[in-house]
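Here come two complexes built around subunit A, the first alongside subunit B, the second alongside subunit C.
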Partner chain A sequence: MERIIKVLNEINPTVNWEKETDLIGNRILDSLRIVQLVGALNDEFDIKITPMDVVPENFCSAEAIARLVGRLEDE
Partner chain B sequence: MGYASYKYLLIFLGSVLFFYTVMPRRFKWTVLLAASYGFYWISSGRLAVFLIAATTAVYLGGILLDKIGETAALGKKGLEKEEKKQLKSLISFQKKAVAALTLCIIFGMLLVIKYSGFFANLFNRAAAFSGVDVSLPVFSFVMPLGISYYTLQAAGYLIDVYRGKYRASYNFGKVALFLSFFPQIVQGPIGRFDRLADPLYEGHRFSYENVTAGLQLICWGLFKKMVIADRLNIFVADVFGNYTERSGSLILAAGALYTLQIYAEFSACMDIVTGSAQLFSVELDKNFERPFFSKSVSEFWRRWHITLGAWLKDYVFYPLSFSPAFMGLGRFTKKHFGEYAGSMVPATLALFFTWVLIGFWHGAGLRFIVYGMYYYAFMVAGMWLEPLIARAFSVSRIKRDCLPLNIIRMFRTAAIVVGGMMLFRAGSVTEWTEMIRRIFTDFGSSEFMQAVVGCGMDIHDFYIVGIGAAAMLAVSILQEKGINIRESVARQYLPVRWAAYAGLILAIVVFGAYGTGYDAVDFIYAQF
Partner chain C sequence: MKNITEMLDRSAARFPDKPALRDSATEMTYKTFADTARRIGSFLAGRGITRSPVAIMTGRSVKTPAAMFGCLYGGNFYTVIDTEMPAERIKNIFDTLCPAAVIVSEEYSEKLEQTGYGGFTADYEQAVTSQPDIRLLKETARKAIDTDPAYVLFTSGSTGRPKGAVVSHRSVIAYINWFSKTFGIDENTVFGSQTPFYFSMSVSDVFSTVFTGATIDIIPKELFSFPMKLIEFLNARKVNTVYWVPSALGIIANWRVLDYAELKYIKKVLFAGEVMPVRQLNYWIKKLPKALFANLFGPTETTDICTYYKVDREFSDGESLPIGRHCDNCDVFVVKEDGTEAAPGEEGELYARGSFLALGYYNDPEKTAAAFVQNPLNKSYPETVYKTGDLVKYNEKGELMYITRADFQIKRMGYRIELGEIEAAASAVSGINSCAAVYDRKSDKIVLFCTGKEKDGSVITSELAGRLPDYMMPQKVILISTMPLNANGKIDRRMLAESFGG
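After this line comes the complex of A and B, so read on.
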């Protein structure tokens, strides 16, 4: 989780990532930020996030992002 | 058969609702399918063959993809790790080949019918310019109704099956109904198979609530189309048709009123088609969300023609941005030009191709590509300048999210949109630049009031449009505040409720632009 928060802070350090639970609905993560985040997560965790993974359930909170990364690391 | 015609609303829609209601539940979908193909045949005749071809292609392509997936799942059992890897790579190749071939067929039809003339012309001009004595024949095809819409829907279905989002349907009728459903075939919204196919196919009992809500939406759509859009068309057509003789102030007014016309008209069409679908208890995706409350160009495009933007985001923007080539370019840029540039490059480049496609989707011509680039330029400028703007607000200690600034942002966005709509309406890029030039060099505001009523609309027409636009604005403000107007009206006492309905119908009958002196105007977005 710490590594996820570190990546998220690089995208935008002004957001309290651990508390936010509707990152998509609140437009904290728009399509530009998603692309930036996916690039950073792919590099940091050596995974491959696909367009199919870009659904609100996977990006609505830092926890959801951590779950997605964990699942892709296991694959 | 236009959606705003009595033939559609009274005869066609009424008959379909009657047969749908009396048909046993498991066969209700056949009524919708027969009605959809009947509607298509009446509007486009033999060109229905292209719709059938696209349907057959994605139906068979989907099944093939499904079969390949099934074979792979069975074949994996008992294999060693290395053999599994080889099988996976073979399966991946086969699936890509099937998906690519199917997409080539459906987009091939669209390319040949809609764009071959443009490309042949382009080639011939390039050949003539470089002195080569070669020329391609330039064919002009009649466009099958809704080809730009159903092709995207068909492609979306196939790509989703390819990606494994859901399994292919083995029911040809279900796929055919999904691609041809009559309320949405002409102008969208561009539907998704996982949300639309089942509600269409399942069959629903007659619902008084849905029928009345659907009829209310249709009436509201008719009001916007006939009272506002069709009336404005007279003025807009006059000024745009004779812009060389009109002052800059009139051209600017025509640009603003054309923006109002196209919004009233396109959203009216969406209300009519969404209301039509609701009669059968089918909910279509939303295509508009009060776009003129947008504070930026990117927000505008999230609220305007939503299903087109969402389609391009899912099937063009993200796949391009996440592709190894774009991600690799991002890493390269990061290494050589810094962290910020590296994080921006994949999205900026993917957005470029997305906007070329948006422009090109709207029409085969240079003007439409410039139209796409116009919005792209504003969007990219906003993206890249964002840190600088944030810093300026932080240093100046001005509150960024406050009402006065938000109102200024809305007007700024509206001004940019008016500029874009003028380009969309102008005959060519040259005409558009000339219009812009006249706005800045020959404004002629002194004679504006006399001139404005000399362009086909008299002062009463302007009053009616003004009242209609004010009603539309009031409804939008209430919706923006989260108030569901139809539900609010439904909660009122019967006399109040019926007075509201009667008032709306009366307004359409009394103030609608029809009869002598008015031409029934085709929906602008039906030309794609």
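After this line comes the complex of A and C, so read on.
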């Protein structure tokens, strides 16, 4: 989780990432930031996030992002 | 046809129960669409608001086309406001436009308040429940002529006074006739609309829909964050025609989304607004080999488009697509610096003439006089033409090739340099998804911004060295994780230049 927050802070340090539960609805993550975030996550965790994984359910909160990363690391 | 509202009258009579407009929440049939617009028209004209500018703040929903036609039924001309713009910029537009009314839906009333607007406010929800006055609308339509303005479209400059092109009913009717005929738009067309209503490209999909009895699906902006959801949406709505900016098509190409999912219904892929990178186009063509692909080109001042090219051959990654040939009723010609017509292969500025031309800029005689000028090749009678500010030339096939904005061409070390050529060369380097070349006048340096897999700027530089002459080489390559886009979805060059201090 710490590493996820670190990556998220690089995208926007002013957001309280652990508290926010609707990153999409509140427009904290828009299309550009998601592209940016996916690239950063791929690099940081050495995983490959495919378009199949890029759905709102996986990006609505830091926790959901952590779950996605955990799943892809296991694969 | 002399008035755009006749398009809606006709389609509402032919296809009353067919869906005309859909957003994520609402569907409006032609009957409801026409009825809603006539109520808004009566609401305005009944209060004496006619032949006046009206601003619309109803967001990205079916309400906006309904309000646009409502203004037109009332004999007014409209400006759609980007509701995500800072209040200060909206105020700048109001200062130029001086709207007689603002149509606003509930969710944007706070935004309107922030602008300090003190004139008449027409509440959308109230206007659509007022009674239609068909006699008043008929009388209004009778007085209208086809050279009356239909809308004022403000261009996206972020500094200074906003510039609003005034476009007449006649221009829209002539343009939409051409657009619908050329791309086979008819009642079976389902548009997936990407461009905002305050951007000239939306004129094509909105009005050709109404003109032909087609259906338009307004794609929610957030779907462009989730490519698989976007594909699901397009399939679920049976969208068969898209007219998008290349950056939006690029989202699907760069993610290689069509390796994972199929676009089942798409038959036509049209694009305009910025240069389409050939590598991304080739991905689309590979995945949709039977679809029609067309590159459209033109400024807001020619309604939307003045030249077009239907892709009819293969292009390799570093090549540029032609912008093609002129449209019906909108001719173009190329003028050299010395004021004479350019021969094939010679560079010059593109001029446009004909029915698609805007009337000029709203409340701005100076800018109008600078851009709408006497045809330099016609000394015999008064003929106003539009000076596009774009440099072009004809290739050996007689197709127009876009070079750059006239003010985007730079002179360095005695050479004339097109930043677009540097971008074309860079976009062919593998590992680069998108790029933008920016010139910093102060330091006399060319800076290339790139996104993509390649993480080493020096690799890009050495690749480019094999493709570009010395004097065109960028002094600096900056790798960024994402390309900034402006409100219209195009690469935000101004932001890039400012980030570099240029």
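As a convention for this text, the second predicted complex is superposed on the first by the 75 of 75 C-alpha atoms of A that agree within 3 Å, B and C clash if a C-alpha of one lies under 4 Å from a C-alpha of the other, contacts with A are read in each partner's own complex, and residues count from 1 in each chain.
Just so we're on the same page, a residue touches a chain if its C-beta (ideal position, glycine included) is under 8 Å from a C-beta of that chain, and two chains touch if they have at least 3 such contacts.
What you see is a predicted model, and the numbers here were worked out from it, not measured in a lab.
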Touched partner set for A:V35, first subunit B, second subunit C, both or neither: both
Which superposed partner A:L23 touches (first subunit B, second subunit C, both, neither): neither
Touching partner for A:P56 - first (subunit B), second (subunit C), both, neither: second
Common interface positions of subunit A, toward subunit B and toward subunit C: 30-32, 34-36, 39-40, 50-52, 54
Subunit A to subunit C touching residues, read off their complex: 24, 29-36, 39-40, 50-52, 54-56
Residue ranges of subunit B touching subunit A (in the complex, touch as defined): 163-165, 298, 313-315, 317-319, 321-322, 327, 330-331, 339, 343-344, 346-347, 350, 383
Residues of subunit C that touch subunit A when the two form their complex: 221-222, 224-229, 251, 255-257, 260-261, 481-485
Of subunit A, residues touching subunit B in the complex: 10-11, 30-32, 34-36, 38-40, 42-43, 49-52, 54
